[in-house]
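Alright, structures below, take your time with them.
Presented sequentially are two complexes of chain A, the first with chain B as partner and the second with chain C.
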Partner chain A sequence: MQALRKIWFLALSTCTEGIRHRALWAIVCMAALLTMANLGVTTLYSWDLGKVSVEFGLSAVAFTGLLLVFFLGMKILADDLERSRIFMLLSRPVSIWQYLTGKFIGLAMILLLATIILGLSAALSMRYVLWLYAAFVPPDFSWLTCVMALVCQWLSLVVVLALSVLCFSFARQPFVALLLAVSSYLVGQNMELLRRVVVENPQAGALAGQEQLVVALSWIFPNLSLFDKKYEAAYGMAFSGQEFVLLCLYAISYSALLLYLATLLFRRKELA
Partner chain B sequence: MSRRLATHLLVGLVLLGFYAASYSALLQQRATAKQVRHQISGLWDLPPVVLLALAGEFKGLMADYLTLEAGAQLGAEIARTPEGKYRTVKKQYDWPAIHRIFMASQVLDPSFAQTFILAQGWLPWDANMLPETQEILRIAASNRPWDWQPLHFMGFNSYYFLNQPGAAGKLFLEAAKTPHAPPFLPILGARLAQRGGETETAIIIIKSMLADKNPEEPGYPDMVDRLHALEGVQVIEQAALRYEKALGRKPSSLTELSASGLLAALPPNPYNLDYCMDRDGVIYFDKPNCRDSMFSGANQ
Partner chain C sequence: MTYPAIEINHLRKGFGSGRKKNQALSNLSLSIQPGEVFGFLGPNGAGKSTTIKLLLHFLKPDHGSLHILGKAVGQEEFRHRIGYLSEFPVFYDHLTAGETLLLSGRLSGMTRQAIDQRIPMLLERMNLTEAADRRVGGFSKGMKQRLGMANALVHDPAVLIFDEPMSGLDPVGRHQIKGLIAELKQEGKTIFFSSHILSDIEALCDRIGIIHKGVLLYSGGLRDFLVAGVGLEESFVQIIEEADRASFA
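== the complex of A and B ==
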C-alpha cells in the first residue's frame, strides 16, 4: 500500500512537471491548428471525404503523441539525471522500480490527457466535415469505433513509452536512448509486415527460410501495427470487443515486462 | 568611418551579386531541365513492401498524399504568355509513372475511392491502360464490399472498351448485389448478360437478389418483370437449340421455330411486346422490330 502511494505521488509529480513544461499548451495550439488543417485538407479531395477527415484526425493524435513520448518524455527522464534530482528521490525510501513505475505512469497520464484533448479536437473537426459532406460518411461509420481506435492509439503510445523507459534505463546518453527508442518504434511498426513477408512469401530475399528468426523477433519487439485502427475507424469497419480487450491486455503485459527489465538494467546503470 | 562603410557596402554588393548570379543560374537550369524531363519519379517507385514499411502507421495519410500527387500530375498546366496572359499547355503525361502512383496509393489504402475513381477517369481513356484499370478496380471492389461503383466501372469498361456485353452484364449484376446499389443495375445487368449469351446466369443472379429483397422495396416489380422476360427468352433459346440439333441449322425466325412444333407457344412477355429473333439468332424481349433495324448489340 505504501509502495502504491509512493508510485502515485511520483506519477502525479511527473504529470505536474509535464504540464509545467507547457507541453500541453503547445498541444492545445497544435490541436487548434490541426483542426483547421483537417477542414482545409479534406476539401482537397472529391471522394471519401469522411475517410480523409477521420484518418487525418487520428493521425494527428498519433503524430503528436509520438512527439510527446520521444521529446517530452525522454526530457523529463533525462532531466532527473542531469539535474541530479534522482539522488534526492532514491536517497529516500523509494526503490528503483517504484521510481520508474511512477515516472512511467505519470508520463502515461500526460499522454492520456494529450490524447483526450487532441481526440476531442479531431472529433469536432471530423463531426463538422461529416455534417458538411453527409454523402461521404462511410455506410457503417461509428463513433464508438473511433473512440476504440483512439484508445488503441493511446495504448500504442504507452507501449512506445515503456520502450523509451527501457532504452533510458541502460543507455549512457539520453540521445542514444532516444535513437534506440525511435529505432525500436520503427521496427515495431513493421514487425507484422516483416512477419507476413517472410512467412507468406517464399522469395523473401536474404530473409527467406528465416521464419523462426522472424517469429522470434516478433515476440521480442512490440507489434505496434496491431494497435493501428485508423483504417477501421475511417471506413466504419467494426472491430470486435474481444480484439480490443486482447489489445489492452497485450499493451499492459508488454509494458509491465519492459518496466521490469528496465528496473533490472537501471540498477546496473552508473548514475554519477 | 566612411571607408569602413564603403568596404561593408562593397562586400555586401559582391555577396549580393554572387547570390543573385548563382540563384538565377539555378532557376534557369531547373527551367531547362523541366522542359527536357517528362518522366516523374518519387515515393511511388519504391517496391510495395518498402512503401508500407516507410509509411508505418501513417499509411492512410500517405495514400491521401499520393492521390493528391496523381491529381496534380493529371491536372492542366497553365503557362504565362509574353503578353502577360495565361494559356493552357498540352501536358505530356508520364502514364506509366501515373499508374505507379495509383498502384502505390492502393497498396497503402486499398479502399480509398479517390484512387480508383481517378484511375477510371483517366487510364482507360487517355492512357489506353484498360487491363491496369480493371486490376485497380478489382482490388477496390474486393476491399469495398459496401460500394457498387468499382464493379459498375468494371462492367462499363467491359461493355464500352472490350465490347463484351455478357461479362459487363455479370459485373453489373454483381454490383447490384451490394447494399444501396441503384435499382437500374440489375435491370441493365440482366439485359447485357442476356445479350452476351448469359441468360441463365442473369436469371440465377436476379433470382438470388429477389430472394434477399423485400417486395415492398422500390424497383422490386421491375426486377420481377425482368426475370419473367428473361425466363421467356430462355424458353425460346432452349427451343432454338433443340431446333438446331434436330435440323442442323439455326431457325431463321420465331415463326419458323413455332411452326417446327419444338416451341408450343411463345411465352408471355411482361412488357406486352412480341419477342424477336435477329439474324444472328439472338432473342430480344424489348425490340419487337429487331430484324428490321440496323441494330448492333455493342453500340446500343
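== the complex of A and C ==
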C-alpha cells in the first residue's frame, strides 16, 4: 500500500515535470500542425483519399510519440542520473523498483496525454477529409477501430519507454542508452518482417534454417509491428476485441519484465 | 541498548581499476554518538563526499561496513530517519519549492496534514516564503542550497547528514544555517557535516574528523585537537603538512 502510494507520487511529479517542459509542447504543437497537413497531403492523392488520411493521421501520432520517448523521456531519465537529482529521491525510503516504476508510469502518462491530444487533432483532420470526399470513405470505416489502433500505438510507445528505462539502467552514458534504445526499437519494429521472411522463405540467406533463432529473437526483442494497426484502421478491417486484449496483456507483461530487469541492473549501479 | 548514530568500520573505497585505480578511502573508521555534532574536514578531494555517498548507499563499499542507528546500510531501511543535503542540491526544475517539499515529505511517509503544517514553517525558517510558488529552475545557487536544507528537514529526522551546508550562501544565510544547526543540536539531533569553513566548525562541533587523501588523520574532541594557543586553521594546516611530509619520506 505504502509502496503503491510512493510510486504514485513519483509518477505524478514526473508527469508534472514533463508537462511543464517546453519541449513537450513544442513537439505536440508541431505534430498537431503535421496532422493538419493531412488536409494538404491527402489532396495530392487522387484515389484512396480516405485511407491515406487515416494512415497519415495515425503515423503522425506514432512519430511524435517516438520523439517524445527518445527526447523528453530520455532527457528526464538522464537528468536524474547526470545531475544527481536522483539523490533527492533515493535518500528517502524509496526502493529502486519503486523509483523506476514511478518514473515509468509518469512518463507513460505524458505519452497518453500526448496521444490523446494528437489523436483528437488527427481525428479532426480525418473527419474533415472524409466529409469533404465522402465518396472515399473506406467501406466499414469505424471510429472504434481507429481508437483501438490509437491505443495500440500508445502501448507500443509504452514498450519502447520500458526499453529505454532498461537501457538507462546499464549504460553509463545517456547517449549510449539513447543509441541502444533506438536500435532495439528498430530491431523490434522489423522483427515480424524478419520472422516472416525466414519462416516463409527457404532461401533466406544466412538465416536460412534458423527459424528457431529468429523466433527466439522475436520473443526477446519486443515485436512492435504487432501493435501497428494503422492498416486495419485505414481499411476498416475487423480488429477483434480478443486480439486487442491480448496486445494489452503483451505490452503490460513485457514492460513489467523489462522494468524488473532494469531494477536488477540498477541495484548494482554506482550513483555518483 | 543504544546504538551509535553513525558507525563506520574499516571502510575502503576505490574508483577505477588496475593501475589507474584511485583509492578514495582507505580503512576509515568513525563512530558518532547520538546528539553529537560532528565536523568532517579535509582538503579538496580528500574523500568527504565519497564517505557521505557511501553512508547513503549511493556508492557501494569495496570493504568494510556502515551502520546508521544500528541499521546496516544497504540492507535495512533507515532512510526515513535521516536527512540528507547533497553537495550540489539539484531539484526538478519545473516543480515549485512547495511541490518539491511536498514530494519529499510524501516519499518519507508523512501524512498530508503533517506536511501542510511543516512546509510553511520550514520555508519561513529558510527565508523562502516568497519563493514558495516559484519554480525551482529559476532559483539562485544560495536559494537552492536553502531549499536543500528545508528538504533535508521536512520529515524531522533524527540524524542529519550535510555535505557542505554553507557553500554558496551569503553571510546572512551562513549565519542562519549556523543558528539552525545549533538549534537542531538543542533538539537532540545528531549532525554529521562536512565543511571547509573552519570558524563554523569551531563554533558548532563537539568532535571533528580530519581526512586527507582518504586516510583519517584525526578523530576526536575539538578541544583536544587545538594545539595550545593556536587556532583551528593553524592546527589543520599543520596536520595536513605533516601527513604530506610523512608520505614523501
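Simple rule for what comes next: the second predicted complex is superposed on the first by the 265 of 272 C-alpha atoms of A that agree within 3 Å, B and C clash if a C-alpha of one lies under 4 Å from a C-alpha of the other, contacts with A are read in each partner's own complex, and residues count from 1 in each chain.
Keep this in mind: contacts are C-beta pairs under 8 Å (C-beta built on N, C-alpha and C of every residue); 3 or more make two chains touch, one makes a residue touch a chain.
It should be emphasised that the depicted structure is a prediction, and the values quoted were computed from it without experimental measurement.
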| item | value |
| --- | --- |
| Contacts of A:170 with chain B and chain C, given as first, second, both or neither | neither |
| Which superposed partner A:244 touches (first chain B, second chain C, both, neither) | neither |
| Touched partner set for A:97, first chain B, second chain C, both or neither | neither |
| Partner chain(s) touched by A:17 [first = chain B, second = chain C, both, neither] | second |
| First (chain B), second (chain C), both or neither touched by A:186 | first |
| Which of chain B and chain C A:62 touches, first, second, both or neither | first |
| Chain B versus chain C as contact partner of A:52, first or second or both or neither | first |
| Intersection of chain A interface sets (partners chain B, chain C) | none |
| Chain B - residues contacting chain A, complex | 49, 52-53, 56-61, 64, 67-68, 109, 111-114, 117, 146, 179-180 |
| In the complex with chain B, residue positions of chain A that touch it | 41, 44-48, 51-52, 55-56, 59, 62-63, 138-140, 156, 186, 189-190, 193, 197, 224-225, 228, 230-231, 234-235 |
| List of chain A residues in touch with chain C within their complex | 2, 5-6, 9-10, 13, 16-17, 20-21, 83-85, 87-94, 270-272 |
| Touch list for chain C against partner chain A, complex | 50, 53, 56, 58-60, 77, 79-80, 82, 84, 86, 88-95, 99, 103-104, 106-109, 135, 151, 155 |
